[in-house]
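All remarks here apply to the structure that follows.
Which chain is which? They are A, B and C, in the order written, and residues in each are numbered from 1.
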Amino acid sequence: MWSFYFSQLTDSIPFFLKGLWMTFKVSGISLVLGTILGFCVGIARAGRIKPLRYLLYVYVDFMRGTPYLVQIFIVFFILPEWGIQLAAFPAAVFSLTLYAGAYICEIVAGGIEAVDAGQTEAAMATGLNRFQRMRYVVMPQAMRTILPPLVGQYVLLIKDSSIVSVIGLTDITRVGWLTVQRIPEGIMVFGLVGALYFSICYPLILLSNWFERRLRAQGG
Amino acid sequence: MIRFEKVNKWFGRHHVLQDIDFHVAAGDVAVICGPSGSGKSTLIRCINRLEPIQSGDIVVDGMSLTDRKTNITRLRAEVGFVFQQFNLYPHMTALENVILAPLKVRKMNKKEADDLGRELLEKVGIQEKASAYPAQLSGGQQQRVAIARGLAMRPKIMLFDEPTSALDPEMINEVLDVMRKLAFEGMTMAVVTHEMGFAREVANKMVFMDDGKIIETGDPEQFYTNPQNERTRLFLSKILSH
Amino acid sequence: MLSAFNFRVIWDYMDLFLRGLWATAWISAIGLSGALLVGIIACMMRISGKKLMSGPAVAYIELIRSTPLLVQLYFFYFGLPSLGIRFTEYQTGIFALSLNSGAYMAEILRAGVQSIPGGQIEAGIAFGLNYLQRLRYIILPQAIGVTIPPMLGQTIVLVKDSALLSLISVFELTRASQILTSERFMPAEGFLTVAVFYLLLYYILKSLSAWWQRHLIHRQA
């Protein structure tokens, strides 16, 4: 019985690879967009414009205080009621971007605030403008503290992208869910699904650890 | 070059600068001293608006700091600033520290900026450390790089905020030597320091501050030998006794 | 937008929401206890210094951290029956939740233990304390203080993660809104209301963490 299912499973390998490609696509695009969003709002969050800061607190708290599952339901089911109709793929990318952006915002703001205020003052004193101070003085230093948690956040994003399967996007998790209806060997099917996630996430975790060790070695 | 007119500043409820009137002419070397918490660092930091003021006005090289039309970034480029804690950029070499502003603000080309940077590092006596990172330099060397950085925009005025306070004693002189050289070249300088030997030798104007107020100003000779105010006398006797 | 919002329905279904909130609270509480238990065991195995113990602990932690909770949940939900193990959906859900959070708890505990200067442990050894005694009297009392805030952070994650249990038809907060959505087709009322309840739990845990950090600073000062 087991070997029968096993051969059936090997037959569905192309299906799994398609799911893997979807996971890559949806998390890869959200990762890039979420990073851009997170850096923009993170810089604003560390800035001095008070109303903007409070607005960003609300955004960040909402995204961090509610489950991603509820967020994707809101985007997928409620936006259409307000006349914004999104297909599953854009809905997934949109919600994952907003979600990741909130966490990256906090990481970036934390990294910026960890840079000594004297650095900004020194740059100010030589006549660098706001953009130049951020670009040449603050960011290069903040990046060292930002990188390890940022890569860690990418791992979380890839894992959380499994939840987009509930709105019908055929990523690896949904491929597993569909396959297990035909091949009732949960251990085997989701063992394979898990192994695929592991092969993406584990190297990233190692990378994050390496960044962190390097940071500590430099007396971070 | 620098003129304070009835300047007031508060930190919360704390009145750190009270009705400050004060003037530094071109070519002057003004030394500002006083006990810690007297407001002397705040005073010097107001000159290039690292600290905003609440009332009064400061005029630097003809530009008013409270005038909305004043381009504060341009004004800052005219004024070099040297910090107590050096504040060198740790991710850049000594040379890169010096030429960042000329490259980005003055839009110099790389070659010109490099030449300028090396010339300034030579002036402060550490041309051989051009490609070293701040962490590889001693405190005295770091502060000299910081002075070179302050000079890189060809400023008309140099400000020093306790430039030797964070240094080990044996490194103080190498920094003071550079400052002396600048003073003799005719640079307009305002220096917050307790180095009284330096003050006597190069300053032509002494300012004593306490509790947010200027208590006494005068020329160094009179200031040291015959201070007019009781508080000045007390302060001098404390710092000169060791 | 708000004019179309039907507060009456929310009120009519308030009983359902409150039962969902209660279910989320106790599922999280049991899940948290399980996670702490698993975390303590995994952490002790990992720092024991014996390959035979630390090897499996490391494998467990890395496997959990590198795969999504949803996949772990499905793994047990679809996999345990084929091993002949019969769990209810609740049991499967809480089991997966505990095993998942346990790995993160183990890492938090390890960071706490490693924050204690080696000299203190050497002092313990010098005074003839054995491993358990050193753990009981030197390491744990100090490690707990610094680990409370990250543990509360992980608890927030756990509460939010428990929403996934709705996907294996466990009744809890998110499931309550799915019920409202399917009975009356009012997703806005359903999902936004549960979002507010989750935020409530989030703020409670967050302020608890902030309170503890102030307390910690006072104690050290």
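By our rule, a residue touches a chain if its C-beta (ideal position, glycine included) is under 8 Å from a C-beta of that chain, and two chains touch if they have at least 3 such contacts.
Treat the numbers as computed from the prediction; the structure is a model and nothing was measured.
Arrangement of the chains shown, judged by which pairs touch: a linear chain-to-chain path with two open ends. Taking A-C and A-B together, the pair of chains sharing more C-beta contacts is A-C.
Taking each chain's centre as the mean of its C-alpha atoms, chain B lies 55 Å from chain C.
Chain A and chain C have CA centres that are 20 Å apart. Computed from the mean C-alpha positions, the centre of chain A lies at a distance of 46 Å from the centre of chain B.
Listed in rising order, the residues of chain A touching chain C in the complex are 61-62, 64-71, 73-74, 77-78, 81-82, 155, 159-163, 165-166, 173, 176-177, 180, 184-187, 189-191, 193-194, 197-198, 201-202, 205.
On the side of chain A, the complex with chain B involves touching residues 116, 118-119, 121-129, 132, 136-137, 140-141. Across the complex, chain B meets chain A through its residues 48, 50, 73-74, 76-77, 79-81, 83, 85, 87-91, 100-101, 104-105, 146, 149-150, 152-153. Against chain A, in their complex, chain C makes its touches with residues 1, 4, 62-63, 65-72, 74-83, 156, 160-161, 163-164, 166-167, 174, 177, 181, 187-188, 191-192, 194-195, 198-199, 202-203, 206.
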